[in-house]
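Below is one structure, written out as structure tokens; the observations come after it.
Going by the order they are written in, the chains are A, B and C; count residues from 1 in each one.
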Amino acid sequence: MRLSELAALVGGRLEGAAAPDAELTGVASLHDALPGDVSFLANPKYARQLASTRATAVLVRADAGLPPPAAGGALVLVDSPDLAFAKVVPLFTRPPIVRAPGVHPTAVVDPTATLGKDVSIGPLCVVGPGAVVGDRCVLEAHVVVADEAILGEDCHLYPMVSVRERCRLGRRVTIHNGTVIGADGFGYNTKVGPDGIVVEKIPQLGNVEIGDDVEIGANAAIDRARFGSTVIGPHTKIDNLVQIGHNVRTGPYCGIVSQVGIAGSTHLGTGVMIWGQAGLAGHLEIGDRVEILAHAGVAGDLREPGQYLGSPAVPKREAIRQFHIPRSVENLKADVAALKARLEALEEKLA
Amino acid sequence: MRLSELAALVGGRLEGAAAPDAELTGVASLHDALPGDVSFLANPKYARQLASTRATAVLVRADAGLPPPAAGGALVLVDSPDLAFAKVVPLFTRPPIVRAPGVHPTAVVDPTATLGKDVSIGPLCVVGPGAVVGDRCVLEAHVVVADEAILGEDCHLYPMVSVRERCRLGRRVTIHNGTVIGADGFGYNTKVGPDGIVVEKIPQLGNVEIGDDVEIGANAAIDRARFGSTVIGPHTKIDNLVQIGHNVRTGPYCGIVSQVGIAGSTHLGTGVMIWGQAGLAGHLEIGDRVEILAHAGVAGDLREPGQYLGSPAVPKREAIRQFHIPRSVENLKADVAALKARLEALEEKLA
Amino acid sequence: MRLSELAALVGGRLEGAAAPDAELTGVASLHDALPGDVSFLANPKYARQLASTRATAVLVRADAGLPPPAAGGALVLVDSPDLAFAKVVPLFTRPPIVRAPGVHPTAVVDPTATLGKDVSIGPLCVVGPGAVVGDRCVLEAHVVVADEAILGEDCHLYPMVSVRERCRLGRRVTIHNGTVIGADGFGYNTKVGPDGIVVEKIPQLGNVEIGDDVEIGANAAIDRARFGSTVIGPHTKIDNLVQIGHNVRTGPYCGIVSQVGIAGSTHLGTGVMIWGQAGLAGHLEIGDRVEILAHAGVAGDLREPGQYLGSPAVPKREAIRQFHIPRSVENLKADVAALKARLEALEEKLA
């Protein structure tokens, strides 16, 4: 592929030193790129990398007003460098692996389970009694769909995924390796009886219901409800190692980044975004379009849209102000010492 | 079931507008309930939901002095709404799934393993050489019990659980999907040799010993001891995605909530409670009845019972005071500015 | 084994009350030891345990100048108590379990996969089309090596490990149970279209490349690159439940402790150490020999070697100073009140 062909493919305009017939041979980040590579710049924060990249072509936002790569490559001006790059990458990478329909002879499918049309059930999967697997679902190796669980059409479950009894997935749900849908929520009653402490388990009799077009990363855990359902709204995306407690409900279009924990019965509105390692207490209401930043600890309702930060989490502006407290305290110490000196001078004068 | 029958079942007294012969058809939270549903209120914090719930019956503490639901339902006054509700929920939900005894033909049980009476070994389980599975244990699909591991009576292991070599579980231990018992602890010696850095692995030759009546959530990890045993005390409950380092010992009746991490050789007393995402450094002593609140970071021993919060964790009262520091600093700035003005006035007067 | 034989084995010198022919029967920590046990003291912080331990022999650093155990045991003076103890422990513990070469009849190995010499493929493993398993690799039960993945020589994968399609492991890589290598990174484009919000998945077309001599704990997740490779440098050690985002690169000799999260495209230099539960934002540069302490939140580049602490993380000295802010604020309040009183006295005097 030549540079001019690339520009035509992504509907972009060329700018810079590289010849339109320069040959393109791969894709890479600005930092890693060698001559012949196509790269991209989506986040203006990294614009200074244009000074050093050796990429032959760099996809950039047309309205960003960026200078061409100093080392001689060309800019390709487009509306969305992310999407344009996604279009280009497959040309230089091997095609994704596709599973043929069929049931592997080592899979254990209960005779009372229902398999849809053109499903692909991989080696050593288990599909339990009364379970339903929708049309065109792909279960890679070592997936367990337990009793009476229901998968909508076109789901894709990677190895070691567990869908526990009676949970339900919508259509086009993708779940990566090792994730557990529907383990028991954490619920006990502790009391002191005549023979000492008694810890009684509260049965977890509900399930998990996952909407259409949800994707969940690896080794996450979404607990079944105590009763009723834990609900993941459609188009919500959940990253690796996330914990979702029992009876949580997320709205549609939420994003929940790696290692976030959401305690039981907390509700998220529409389009809530939660960044890595943040934690939310239970029984909270988080409003539409709230964004909770990384590492935050949320202990109360957040009803107003906007960004929240810190532990306990506060509006971002306030959190940033708190970051300046160490300096304020140093300044106050100096101010107080100066006042004290002046006061002493006055006291002496008057004495 | 009628409202009056419900009251009789839970030994409760009715109060409010709903007729004693009103029909009950399901269970739900106060927030989600529709007419016909039974709900409950255990935490007085949510009492205001009585003003809006549409539930026909709400189980509440007899001594809470709450007003009946504004929308016309009845209160059912009981000692413990939690326990009463646990009694009611099964009436409106499908019975839990029970595994019949037997060994699935696809399970791989080593001929030197010992299986107790009436065990249920699911599809594609692996029970290794010299392992022992106690009477009436249930291994769901895809469980691996490795060489010489020992399970007491009545354990229940969900799919993808790994019990590593030589680990021991007591009686009535429940472990949810994907949890790993007995992976190696994190231990290395790093030194600079003549040919550069050498990182040497410290062998992890101990095991994990889990007491009776322990429950562990999904995708947790409890590391084997460097030597001796990592010990989980009886009746301790551990949530999803928890990390327990090598040679940790927990007392009985501890509760460890999701995403908590406890580093190596830390000891917990009796009835220690640790809330979500808290982290404990290694080699600490945590006394009986200490409660570590969510998101706390514990870097030193905590010997006195009570609640601890923050990172580094301090007694809760102190932590709450720290939350007010931003306001204190603002006040101090104002105070200092006022003093300065008054001082300047004096200085002028004297000049 | 006798005490004198122990001293000879580790090349150590005896000091203290125990007789050279005292019999040794086990190993234990200083805290847990009974008479007959060998113990060790590597960290001088625990030297006070020498006053109470009942161990018969305690391995200590020759240059530490420690007093013999008060209860009558002997010190064994050596260069490295850790390494000496590692030599002693196997004498009192059962030998590690070794897997014989061979392919278990229940393993599913694709005919197009390549197996090296003397591999051990356990029960119910899956080795996909085009995958390569190097000489002497051990795959315990229930390991999935997906399509076109490549394992170098002498790797050891524990049950439930997933190596996703096209990922590559070097030589002598050990991975513990449930860890996922190569799930998709978390990447989406969200835009508002004529019919509402559209969330478009950014294909994750790269892989993961893991260097020689890497060890990874249980239930961790290392995401495949968006394009190119996520790279784990040789001799790097990763603990349980760690999250490594797409396109992260670690240098050699890094240590990443449990529950750490590293967001996409962050680069670690050589010998970077990150302690438990710390979180690193994406697109950061972390320099050689940086040490990030437990629970820290890193939001910017850290280029200077040294220790960093807090959230947002700052040099340790500065973080420690911040821990004293509550006291500083209290002191300031008192100082300001005192100044105010003195000022009022002056004002009265002058009035």
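We take it that a residue touches a chain if its C-beta (ideal position, glycine included) is under 8 Å from a C-beta of that chain, and two chains touch if they have at least 3 such contacts.
It should be emphasised that the depicted structure is a prediction, and the values quoted were computed from it without experimental measurement.
Student: Between copies chain A and chain C, are the contact residues mostly the same numbers or mostly different, with half as the line?
Tutor: Copies use mostly different positions to touch.
Student: How many degrees of rotation carry the C-alpha atoms of chain B onto those of chain C, rounded to the nearest 5?
Tutor: 120
Student: Let me have the rounded angstrom distance from the C-alpha centre of chain A over to the C-alpha centre of chain C, please.
Tutor: Here chain A and chain C have centroids separated by 24 Å.
Student: Send over the residues of chain A in touch with two or more other chains.
Tutor: In chain A, residues 106, 124, 142, 160, 178, 219, 241, 259, 277, 311, 325, 329, 332, 336, 339, 343, 346, 350 touch at least two other chains, as defined above.
Student: Which bits of chain A are touching chain C when the two form their complex?
Tutor: Its residues touching chain C are 27-29, 32, 43, 45-46, 80, 82-83, 86, 89-90, 93-94, 96-97, 104, 106, 122-124, 140-142, 158-160, 176-178, 213, 215, 217-219, 235, 237, 239-241, 253, 255, 257-259, 271, 276-277, 294-295, 311, 323, 325-326, 329, 332-333, 336, 339-340, 343, 346-347, 350.
Student: Which chain B residues qualify as touching chain C in the complex?
Tutor: 106, 108, 124, 126, 128, 142, 144, 146-148, 160, 162, 164-166, 178, 180, 183-184, 186, 188-190, 197, 199-203, 205-206, 219-221, 223, 226-228, 241, 243, 245, 247, 259, 261, 263, 265, 277, 279, 281, 283, 297, 299, 311-312, 318, 321-322, 325, 328-329, 332, 335-336, 339, 342-343, 346, 349-350
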